[in-house]
Structure formats: structure tokens, C-alpha cells
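Just below is one structure, and these are the notes that go with it.
Lettered A, B, C and D in written order, each chain numbered from 1.
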Amino acid sequence: MAKSRFEYVREFERENHLLPQTYIVVRVDGKGFHRFSQVYEFDKPNDIEAIRVMNDAAQEVCRQIPDVLMAYGQSDEYSFLLRKDCRLYDRREMKLITLFSSLMTSAYTYYWNVAHPNNLITIDKKLVVFDARAVVYPNFTVVQDYFRWRQADCHINNLYNTTFWALVLKGGLSTSEAEQTLSGTLSKDKNEILFSRFGINYNNEPEMFKKGTVIVREVGKSLASDTPVEDLSNRQLQRLDKVMRKAEIKVYHQDIITDEEFWDSRPWLSS
Amino acid sequence: MAKSRFEYVREFERENHLLPQTYIVVRVDGKGFHRFSQVYEFDKPNDIEAIRVMNDAAQEVCRQIPDVLMAYGQSDEYSFLLRKDCRLYDRREMKLITLFSSLMTSAYTYYWNVAHPNNLITIDKKLVVFDARAVVYPNFTVVQDYFRWRQADCHINNLYNTTFWALVLKGGLSTSEAEQTLSGTLSKDKNEILFSRFGINYNNEPEMFKKGTVIVREVGKSLASDTPVEDLSNRQLQRLDKVMRKAEIKVYHQDIITDEEFWDSRPWLSS
Amino acid sequence: MAKSRFEYVREFERENHLLPQTYIVVRVDGKGFHRFSQVYEFDKPNDIEAIRVMNDAAQEVCRQIPDVLMAYGQSDEYSFLLRKDCRLYDRREMKLITLFSSLMTSAYTYYWNVAHPNNLITIDKKLVVFDARAVVYPNFTVVQDYFRWRQADCHINNLYNTTFWALVLKGGLSTSEAEQTLSGTLSKDKNEILFSRFGINYNNEPEMFKKGTVIVREVGKSLASDTPVEDLSNRQLQRLDKVMRKAEIKVYHQDIITDEEFWDSRPWLSS
Amino acid sequence: MAKSRFEYVREFERENHLLPQTYIVVRVDGKGFHRFSQVYEFDKPNDIEAIRVMNDAAQEVCRQIPDVLMAYGQSDEYSFLLRKDCRLYDRREMKLITLFSSLMTSAYTYYWNVAHPNNLITIDKKLVVFDARAVVYPNFTVVQDYFRWRQADCHINNLYNTTFWALVLKGGLSTSEAEQTLSGTLSKDKNEILFSRFGINYNNEPEMFKKGTVIVREVGKSLASDTPVEDLSNRQLQRLDKVMRKAEIKVYHQDIITDEEFWDSRPWLSS
């Protein structure tokens, strides 16, 4: 039973420590959520209850991982920003991403079951699975552009889905007819279809659908100090950790693409 | 809303494609399971119901991922062996490990809740979280030694825990007294304590506790063919996939360290 | 001058330790050798003296790095095979590849200058530069196919170049006319052009040109022992090192694509 | 000769594209330069001619690679800073570092042989070899601290070597006696030994020895523009390349640890 005889196998293990002083974004993404939404009978184009489960789960992730400064969610994905001096798991990539994928899975399952006592998640129907990836960004401009990219994606998808399901549910088209109708159309064409055929002004659609969900840890002040983080004492690091844990976690449905005020009023996001 | 203006952020994404023609082992590991076992009141030293939940969850992982050839579990960890020609997710490391961590989390939560209707997993108590890592091994000897290493670890831990909890539960020692008693002892000393003080012959303990759990996809024949896998047609690959999906998944509690028969009788494990 | 205040910058350094028990191939490749061959006035299609400089340089690399088991060179590239238990520089990728690129550069420069006292390498004309890359292969079949790939490449290039320069030097075509003539031709077409227009039987061309150069460390027996390499004592490792250093380094121009005898008679290449 | 049958081996090749928008520092380091300095009979503690060869070689590297903004050299090492938007070789790590190690080797060999016609580099004596590594830094503060770290290292080493060789060459100590004398001494102790025993005021030693060598591409203005580099047209990129190629390359021996003026007057270094 000499364990040591086999210990050499550890030499094959590899770690990727993410570059220090860079912003880490972890994006979790639902696997097979198209089918998941059918099996659990989501409302179309947007199921408010399902979105709330996603948002509740993401908030739980933020609560449990105090290094998360903000998060952005839309459709079946959520992106979490970790502060650039985050030392969680010594910045080991595999540890970080599996923590997020697993915790998101656990929290989603929990909140779903609480909200749907008559439509519980079961193995026979389909389990929830989230994959995750980590990306590091060396400066905050790219981080902002990352979140703008996701919100632009939300807009494009939601406008499409809103029009598609209007054509199907209100216009009586089959899904493939709706697809054909929208093939090659621009944003303004979809707006026009919504308005002229169904009297829907897209601008009046709920912000939650159009903008997705922004979660912010409202720290309220810059985390940066004159002391470089590598010189902070353990006591100072603990104080920082405490500040993060105590900060309120708030939820918004607002523009983060052009609204500089969102970013300017929260200097700690880049600190 | 020009999404394309922000698309450059994708250049920061990195992928690690695991080396082709190597065996991939993914190990999932419970996070904070010591506290989990306290919160959900596990029997000590081994909680049969909790072990069954682990094993049920791992079997579900095997069912859903047909490239898994075998798995080995003990304590709060499970290791899954993927066949060396596995092309799942194009062998992208992040995709693979988050799939395993998330699916294990989902399946564990499901089976736990089914088995413990009066002790459901809740956020207030504690959610289940599994991390995961992938390691590649270039030849099957190292793969065998990897699994031997985990089973040797199982033996060492279980002998310790069995003795420790005998001292506490039957011997009336405090946990710190039990710890002191065992400090520096060898295997034979623990066997002696168990036998002389508590009349326990460790050899008679349940195999499930002593050996952990081995799950095998009983394919029944070598997967290797004269044709190198990169030359297989799509049809041949589909046939292979079908063979994997149809193969029975069986559970054992047996020695895999010295029992060469286990390995010799299953040539497909290395193919 | 407190150096320690700045030492934190070391945290940004990354190492890639190449997977243990895999074959490492390092390929060096001349940078800008097309222009180099013009500046230093190489004979076309093959400059025997320049090939000899390459081969001499590669042999020096083999002499200085005893873990090299064989090498294969053609055109301005050379591939070196390191034995699978090689521990040079702890298998750190950056150390390994820069050692090969630098040593090849040094040796090439030295041998060139010795062979061409009236055509020395100078900065004004052009310096020699080799890049290098490392690739790991998990089994010896892929290693063989790697070398076969390079020799097949040699054949294709040399047949093309031989025909191209026959058209230019003997046929009086301009280089662009020769290019057009060969565009879209198959091997048999080039053989036909050589034979019918210039009376050249390609099969009779020198083996050095057609096959490239194979360098073998003729160890003479398998390096493998019953003891796994991780269990070898330092003394055994030193003995192995001595065997490698003493083994004769020989040069061949022969087929390694279909000639199984080459491989079968040298079991140590895979050990 | 079907090359394509073997082409699958390319799947084993891996590339590490260095993170965009980060500063790349490549450090080349002489291999076995202690022995090199003995074989080629360097003056001790500093051989001016040998330092000049290093500096000439490094300048040639700067000339040939226009993305190098500055370099710092001391002892047998040189560090090169590439601008953060450098796209050389698509930022492939292996290509980059082997280019530097090879080019440094070529240029060093050339300049050495020009300067030492009676002490040429030969294989029988010893070839020049440089290894190289690349490190990326996400912000310019760390880049500055990196160069400060190397200059602090230069100071520590040079003070030691100056004292050591004074003890040996002027004080008549053996090298091991000198080593013992210096064991455990602080900077002020070494200064005191130099002054009291040998009348040497360390402050009056040549700047080249005390500070090492700084090479700057004197671009003269910031390279940054309002347009993010990913949006620059090819024409703008070519113009930038031309600016870099035309900029004068100058050599200094000065403090870069505390002299903020050095950095402040060269805004392009961080751009």
C-alpha cells in the first residue's frame, strides 16, 4: 500500500496561474439551455421567472466570492469581474473556473426548485449544467469593452427573439416561417415589424429584457491605496476582504455601453 | 449598438487543447466537504448514504459522457478516465473540467435531495461545490499508477478515520485526544489499536470503505483498430460512440493496486 | 538599492514544463534563408558546402546535448529528438528551445566561417538566425510519422527545386517562367520534364539531396530498464548519461519513410 | 511519398500567443559565461572590451527589431522591452524568444571576432550560447520595477566583484579567502574594505560598471494616439513602423532606479 511509490504521477499535473495585476473575467454559460427551456417550459421570448432564477443564482455567487466586483447576465450566460489584485486560489485557472461553474449550478438548481415546486429539476427531465471560462484583461478599457460587447449581444438577441416570437405567437407563423421572415433583416426592420404588425414599440419593452442584468458590489470608494497590493500587510488585506464582504450587492437593468456615468461613479471597479 | 466595435476583446481569450493521443483524467473534488459533512450530519467514519449519493452522481456523469472508460471514487473525490482518442469539446481543457464540475454538482444535488427529503440541500445550510482538474498521461502505466495512488490514499485515510472514530465514539476520547493518540503511528499500530481496544479486525470492514468505488464502462472488447483514429471515417466514429453509449456501466469495490486481473481483463481501458 | 523591493516582478514569470515521459522534438528553422542563400551565393538547387555546414552544426548540437537520440535535416531546418525521459533544464520549454536556436546559430556561424574564409558571415551582409520550437509526442509511432513527414517534405521540395533550377539554369527560362511551367504539375510530371528535356533521371540524384540527412546517436542497445526512470538512482542516471556521451554519432542519407529496418534495428530510439 | 498521410502530426504543435496589450520583456542570458570568461581570458572584475561586445550586439538586436523600445544590460544578460502593441510573429512566444537568443548569439559572435582577431571564438574553446525568456507585464509600473530590479542586481554584483577582485588582485588573497572575507558583509562593509585597504572610492568607479548599460530608441514623442491600435489602418501601422525604424538608438550608463526624469522625459516607452 506504499502510497509514495505512485506519488510520481503528480509530476504530470499542470497549473496555469493567471497573470498578476490583470482583471479576471469568468463567464459561465448554460449548456444545452435551448432544450432546457423546452423541457421546463419557459415562456417565450423571455421567461421572467427563469431570468430571476439566473439573477438570484448570480447574486449568490457574488455573495460567496467577495472578490467579484460586478457581474453581467443575459440569456443563459453570466460574466463575473474579479478585482485585479484577486488572489483567490492563488489565481489558479482550473480552481477558479470550476468554482464558478459548480457554484452557479448549485445556486441555480436551488433557486429553481424553490420557485418551481411543481416543476422540479430532475435527472429524467434534464440537469442544469454551466460551463465556464476565464479571460484576463490587462487594463480597464478592455474590461469595459468586454461588458459592452456582452450587452450589445443582449440587445441583438433580444430584438431578434422579441420579433421572432411576436411573429410566431401573435402572427401565427411557424418557427421556420418566422426565421425566413427575419433572415437578412436589420435592427430597424425588426423594429418596424414589431410596430407595424403588432403595435409593439420595442423601446417600451422591459429594461430587464433589453439591457440584461448588471450586478454591482457597491463598495462606495476606490480600493486602491498608495501602497502597492504586494506590500499590504496581512491585516490590511483582511480589512480589504472585510470591506468587500460587507459591501451591498445591487441589481440594475441599465445601459452600460454609452452611459459613462455608470462607470465613472464607481471608481472601485477598476481598482 | 455596433457589437463589432467590441469584438476585438475576443483576442484575449486563450484555449488549452489537451495533447492528442494522451489519456485525460478529470478529478472532481468536494469543496469544504468537511463542513458539509457536519452541516448535513454524516455518520462517522463513513456515511453509507452519502457514499451512495457520490456513486450515483458519478454514474450519471459516466452515462452522460460516453468517453469515460472508468472512474474511481473515495472520500469527496472522483477521478474519471477519458479514452485517449477522446475528442469531446475538441479537448479544450476549460470546457472539459467545467462540464465535469457542473454535472457532478447537479447530479449530487439531485440524488442527495431524493435520498434525504427531510434534510434537503439549501443555501442557508450549504450548497454543494466540486472543483475539477484535468491531467493528461502519455501512457497507460502512468494511468494505472494514478488510480493505484488514489486507492492507496483511500486505504490510508480510511484506516486512520476508522481508528480515530473508534477512539472517539467507542473509546470516549475527545477528538484532540484521538488525534494525539494516532500521531506518529504506523498502519500496524492502528490495526493493533482497533483490534486490541475495540475488537475490530480492519480486514473485515466493508470493501466499499476500504477500497473505495470503481466504476467501469464494460465495453467488453478493445476499442483499438488497425486504423489510426485520425483516419476513421465519421461513420466509424459514430459506431464507436454508439458502442460506448450502449456499454453497461458497473460498480465494484475491489483492489486495483495489486490485482492485475482487473486491468488485464479489460483491454479497452487502454485503447 | 534595496533589490528586494522589486523582486515581486518575478511573480509574472511563467514556465512551461513539458509533459514527462513524452518525446520532445525541437525543430530549428533558418530565418530568411532565402535571402541568406542569395547574399552568400549558394549554388542552386543544392549547395553541397552549405549543406555540410548545416550537418556539421547539427552534429555539434548532438555532441553538446547528450539527450539527443537522432536528428533529421533538410533545406534550412533540423529536427532533434530528445529521449522521452530527458530531464534537461527540468524540461522547461523556453530554456530548451533557446538553447537549440542559439547553439545551432553559434555552430553554423563557426563552421561557415571555417569553410568560407573569403565569404565570412558579417553584419553588413546578413547574420545567421534560427528560430526553434518544441513539440511533445506521447508515443513513438507519432515520432516516426513526424520524421517521415519531414522527409516527405524534403522529397517534394527537392524534386521541385531540381526541376525548377534545371529549367532556369539549363533551359534558359526566367524564374517566373519556370514557376509557371511547374504550376499544377504532379511528381511524375516533374520527373518527366527532368528526363525528357534535360536527360536527368531524378532517381540518380545524390541521396543527400533526395533524402536529407539523418544523424543517429548509435547507442547500440535499448536504454530502457525494468526500473522506471523516476526510480533510478543518481548513479544509474550518471551511467546513462555517460552511455549517451560516449555513443558514436553517425550520419546517413537514407529512406526513413518506408524502411522499417532503420527503426527496427535501433530500439533505443524509442526508449 | 504522400506527405499528407503524416500531416496529422501537426495537431500536436502548440502556440502560446502572449496576451495582447501587455508589455513584453525578453531577457537573454549567457550560458556558461563564467567558463567563457575564463577561456577567453576576460579582465577582472570587468572586461571593458567584452562589455562593449555585449552592448554592440544588443544594439544590433535593437536595430533589427524595431519594436524594441529600450534595453538594459549588465553582466552576461540583456533585457529588451517590446512596445505593448507589438505584433511581431503574432506575439508567438517561441518565435519571439528564439529570435532574440539566436540574433544575440550571431551578433555577439560577429562583434567578438571583429574585436579579437587573435582570440577568435572556436568550437574547441567554447561557443557562445544565450538562452532567452519572455515575460509579459500588464502595466508600466511593473515594467519600470523590472528594470530597476535588474539595475539593483547590477549594483549588488558589481560592488561584490569589485571588492572580491581587489582582495585577490591587489590584496593577494586566494579566491576562497576573498570569498570568506566577504561572506556576510553588507554594502557599507564592502565600501569600507575598498576604501580603507585599497584607497578605492566605489563612487568613482566607471558608471558603465556601476549602472550597467541602458539602450533607448529615442522616438522623441508618444506613440499613443486617440485611435486604439486595433483600429489603426495598415497605412497608419506602416507609418508607426517607419517612425520606429528611423528613431535613433542611444546608449547610456545612468541611474534608472530613482531618476524619474529618465522615465518622465520618454513618454513613448509606455505607449
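The definition used in the following text is that a residue touches a chain if its C-beta (ideal position, glycine included) is under 8 Å from a C-beta of that chain, and two chains touch if they have at least 3 such contacts.
Worth saying up front: this structure is predicted, and the values here are computed from it rather than measured.
Common neighbours of chain A and chain B, listed by label, are C, D. Shared numbers divided by all numbers used gives the overlap of an interface; between chain C and chain D this overlap exceeds half, so the copies present the same residues. Chain centres here are Cα means. That of chain A falls 44 Å from that of chain D.
Between chain C and chain D the centroid-to-centroid distance comes to 29 Å (mean Cα coordinates, whole Å). A straight line joining the Cα centres of chain B and chain D is 49 Å long.
In chain A, the residues touching two or more other chains are 8, 12, 14, 19-20, 136, 142. Here chain D touches chain B in the complex through residues 8, 11-12, 14, 17, 19-20, 228, 230, going by the rule given at the top. Across the complex, chain D is touched by residues 19-22, 136, 138-139, 142 of chain A. Those residues of chain A whose C-beta lies close enough to touch chain B in the complex are 1-3, 6-9, 12-14, 16, 28, 31, 60, 93-95, 97-107, 109-110, 113, 121-123, 127-137, 142, 145-146, 148-149, 152-153, 155-156, 187, 257.
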